[in-house]
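First chain A sits with chain B, and in the next complex the same chain sits with chain C.
The block that comes next holds the complex of A and B.
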């Protein structure tokens, strides 16, 4: 009996260590798989890659204009910000193609000739519930464009626009880094990033319009 | 290695731990919250450069200037136009919601023809015009041009006048307009001052306003202008006394609210006249030099006639008036003193928004009060504003058929010996046309009006419409009348069309405005002016040649002549002429004439025995009760003491319930409201703000047409009331109807 009992124990001990190994192994498989899914697959699935309708060379244009970014991205007379230029501004120079770049030819033929606005995809577009005034930041606070938008003026072509399937906004709002860490001020454009700067610079913590604080500074 | 259930669980736990350490949960939560806060199907206004297009609002006769903010071709917001003489930047809730009338789902997008099964078939404009012209031609060839009738929302301006011209050229005298208290005022001015004018009130400069039920801040006259005038009057420490049975907004904001037995407002005016005359407080200069009929006088035949002084002194003593009006004698005395001691007092009438005409006797009594203090055509008083004369087209030439048709009597009896000053009597329309048998009207045009909703005894009006072989509506919206029509020739809405705007109602400002297209027409619609010109041209002959203009715009431009450029540029012109008529009094005596007899109260419909209560309408700025239906933005602002869910709420004094042996309701309970004209299920709101014995019901609800946002909400007051003819003018003078409230049988 005793031998058979010992045998049984041994078998069960073997089985235990066997099953223990399997448990750890499966834990690790599950753990690693979900980390891969969360860090690599999920971001790929969350964003769809879109190409801008026309590739645009900022460097080339910066050489031509006198007034830097504001030459095309200007403030209107009433103080509102024009954002991405409309066809109206482009035709000033591009009534006809001025160079031989196929992108420019495409722009002239597809949009200028047909008087169609270019459906630019806007990397920095914020949800409609956010109130943001360029005038307050640029004109009043004297900030430069790079602080929030990065060195776009130094780019020779437009990067891929990564559109969030759920929200429809660009990946540039959350930032390339999925963990939310940033190296430069322009890496992210989330609420916390606005708040961080407002706190650091001791900006008046109430809304100009409503005189209310906290959320109401940006969410009117 | 053995794989068992525990391995599987371990895999899950590992997965959960890994997921928790990945950005997935935080990122997904964030994205979902952004998504739910910005539902992709919620429309967001376009972003871009804002431009402002100026125009004039024509949603009511107020004539306010508007600035429409646009981004590209899309109108984003309607704002009041700064510097405009009527509203100077102000705007009412209807004007603010106007974009929903442009972009909302209630519009008729193309000409429609009713099919035999009651549905609608889209037709082209050519087909629509041809069909109308063919039927008109047939009627004319049968020698019955008078069987064409036309209902217009207004009598002033080029579009109504084009319709009138069409009727004349075609040969029908049956052109009718939607009446309002302005008609009663016009007759009053004609009778007392001999003026062909409309009444304008200088509330802004008055220092004492005695309002007999006029909702100064409820949309009476030109709403925004009156709001501002009321505030200006208050700011200058002027006093406003509101006299009406219900605590309206105007009453609540007034310096004093005096509830009065409804329908006795004329008696009150005469009672005050009695006290003012008795104490010698009237303006002796004015009365002595500018009036006739104050003292006893002798007529041409040598018969002596009683003057106004003697008449009111004999018949309207404070005790008697106190009994009739329910206002005690002391209050009457102090009211008369305050009115008489003010330097610029004015008395006004026309209940609520003044959309309903009233008893001429009441208007005359109130106007006599103004004359006693000389508040006629002077600062802070009542002005006789001459009717606009900028439309000076040559009379159309008429052929033999038209001449014969024009000689037939009007179907409504207006302008006859009995009612010489009344222009039209739309209140008789349902009775004249009838619900069965041959209708004297074979074809009907409706432009700028919704009689199947706004006329009293709506049921009878609808039945009359069914009895007319062909009804043509020119409405932009699928309103009750358009729904009852056989053909719809949709007009552009107010933001898509040119139109002249005659001087605003109830204001002593001689402003002519120009409504301009702010956006391109959104659908296949046509300006009603163009449509009627096209119909006339299709008829050819003398009718066609009466409309020589190529288009409505050409007609308008020619009509406006040298005013056109400045109208187009500024949006309005203020003619040099003073707002008052050149010659103040053109009566037989050449003076302001007092009347010293025949002041009668209007008896409302219903037997007190069966209907112990009185149902009265009340108007509100938040409910559009005229031709234009409430846009959804406006309906959103209606309180639940007016509309609860889809139930209309009526106001009843708690005492009414306590004293009734048959009615047991608590606040918010359902009850059956019945009148001799109809029945409705209502909710009851117990309020001290309404006199006992009266049931107050909001107007503007109970639409059956338009869209899902408006139809089926509440009950239309007009279905519960019928017209009561005013003995002096023939106009509807019903201010209420007898009613009964009963519990719902359980």
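The block that comes next holds the complex of A and C.
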């Protein structure tokens, strides 16, 4: 009698530890699943993937021009930045196809011949409440293009443009890295990252409310 | 001498000569066009209108033939308060409005504002306006909006920015040319340039080379509600005493006294 009682006790103890293990396992599975959903699946769903109208080869062009990035991406006389070139600048060389690349042929036939601007998708286009001065960063602070834009001049094709389904903004204005652990400036480019770099480089912190950078430096 | 001032903190402000103002309203129109200020089909209810720059009509309330009229344009005063603590900046719970020590301009960040309207209650000049609706422009007019000024949405507060985008663009040009400061004529507000009578003068109140520096020291100069201690950066001048007195509130027995302005100036 006593042995059978002991047996039942053992069995119930085993069952207890089994269900405890199952709960922990269930919790871990759920935790990992939500992490995967939040960090990998949702960000993928949040952005739609768009291809540029023409696959542009930066390396090929860098070999041809004398002035590096500024040959095509230049400042206007009033200090504003021209950004992505207009058709007018391309036509200088591409009145007719120079090579045999199908992308170039497409460019000449679709846009140059028809005198249509290429609807480039601009990775770094900011929301309209943001004011960014290239002149302040490049001329006064003496920064390189690569510091913020990365080695785009060494790329042979344009990357996929990721557009936020909800806001319509490009993913690159915030960067790919959500965690904030960044190696390069372009990994994460939120407002805090702008502010962080301004503090590091001794930009005057003139806000009365926060003692940090004033709003009307980068906002309009 | 000039070099020194280029690096000193700026304090942008205005001096408005009320003797020159004819009340034509060109400043109001120029301001609305420059800053993408929305308007309604029916603007009869002025409590709902948004007017960053507003021309008020003052009268001395005397019977004919002694009746006199004065028009008073009122932008945001960009109050400095004491050390930048202007009434609106002090109360904003969202840090949506801020005072910059570099320019002395009170900023309003539309994406940050959540529309509690505490600042509107705090502002003694009625310089702040609430967007009760999303802006709607007549068809085709949205193409004429300025890309340099962010349009506002329903549910937030907006106000005069001293055309701050013009400062940003002027600074951008200065950066491009390797300069660190601006000339007086490089940064002027839209209303200043639109005034056909030349009543508005705009510039750096800290810079002795700017016209406003001398004008603000005129004995006919006064500021609105000076006794509140808001320390505004918009000065008015008028040769008429009743106009100068209309700028503040007085007790009946001190009506003819001149208030000690030095107490409120720094």
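Observations, loosely collected:
By our rule, the second predicted complex is superposed on the first by the 184 of 220 C-alpha atoms of A that agree within 3 Å, B and C clash if a C-alpha of one lies under 4 Å from a C-alpha of the other, contacts with A are read in each partner's own complex, and residues count from 1 in each chain.
In this section, a residue touches a chain if its C-beta (ideal position, glycine included) is under 8 Å from a C-beta of that chain, and two chains touch if they have at least 3 such contacts.
Note that the coordinates shown come from a computational prediction; the quantities given were computed from them, not determined experimentally.
Once the two complexes are laid over each other on the shared chain, residue contacts for A:129 go to chain B and to chain C alike.
Of the two partner chains, both chain B and chain C are touched by A:80. In the superposition on chain A, no contact is made by A:153 with either chain B or chain C. Contacts of A:53 after superposition on the shared chain: neither chain B nor chain C is touched. In the superposition on chain A, contact is made by A:27 with chain B only, not with chain C. A count of residues in chain A touched by chain B and by chain C gives the higher number to B. Within the superposed three-chain model, A:220 lies in touch with chain C and out of touch with chain B [touch as defined at top].
Across the superposed pair, chain B and chain C both touch chain A at residues 78, 80, 127-129.
Across the complex, chain A meets chain C through its residues 75, 78-80, 127-129, 131, 133, 135-136, 139-140, 204, 206-210, 214-217, 219-220. On chain A, the positions that touch chain B within their shared complex are 15, 18-19, 21-35, 37-39, 42-43, 46, 76, 78, 80, 82-83, 86, 127-129, 164, 166-169, 174, 178-180.
Those residues of chain C that touch chain A in the shared complex are 83-85, 89, 92, 95, 98-103, 105, 107, 109-112, 147-151, 161, 164-165, 168-169, 171-178, 180.
By the touch criterion given at the top, residues 1-4, 6-8, 10-19, 21-24, 26-28, 30-32, 34-35, 37-38, 40, 44, 47-50 of chain B touch chain A in their complex.
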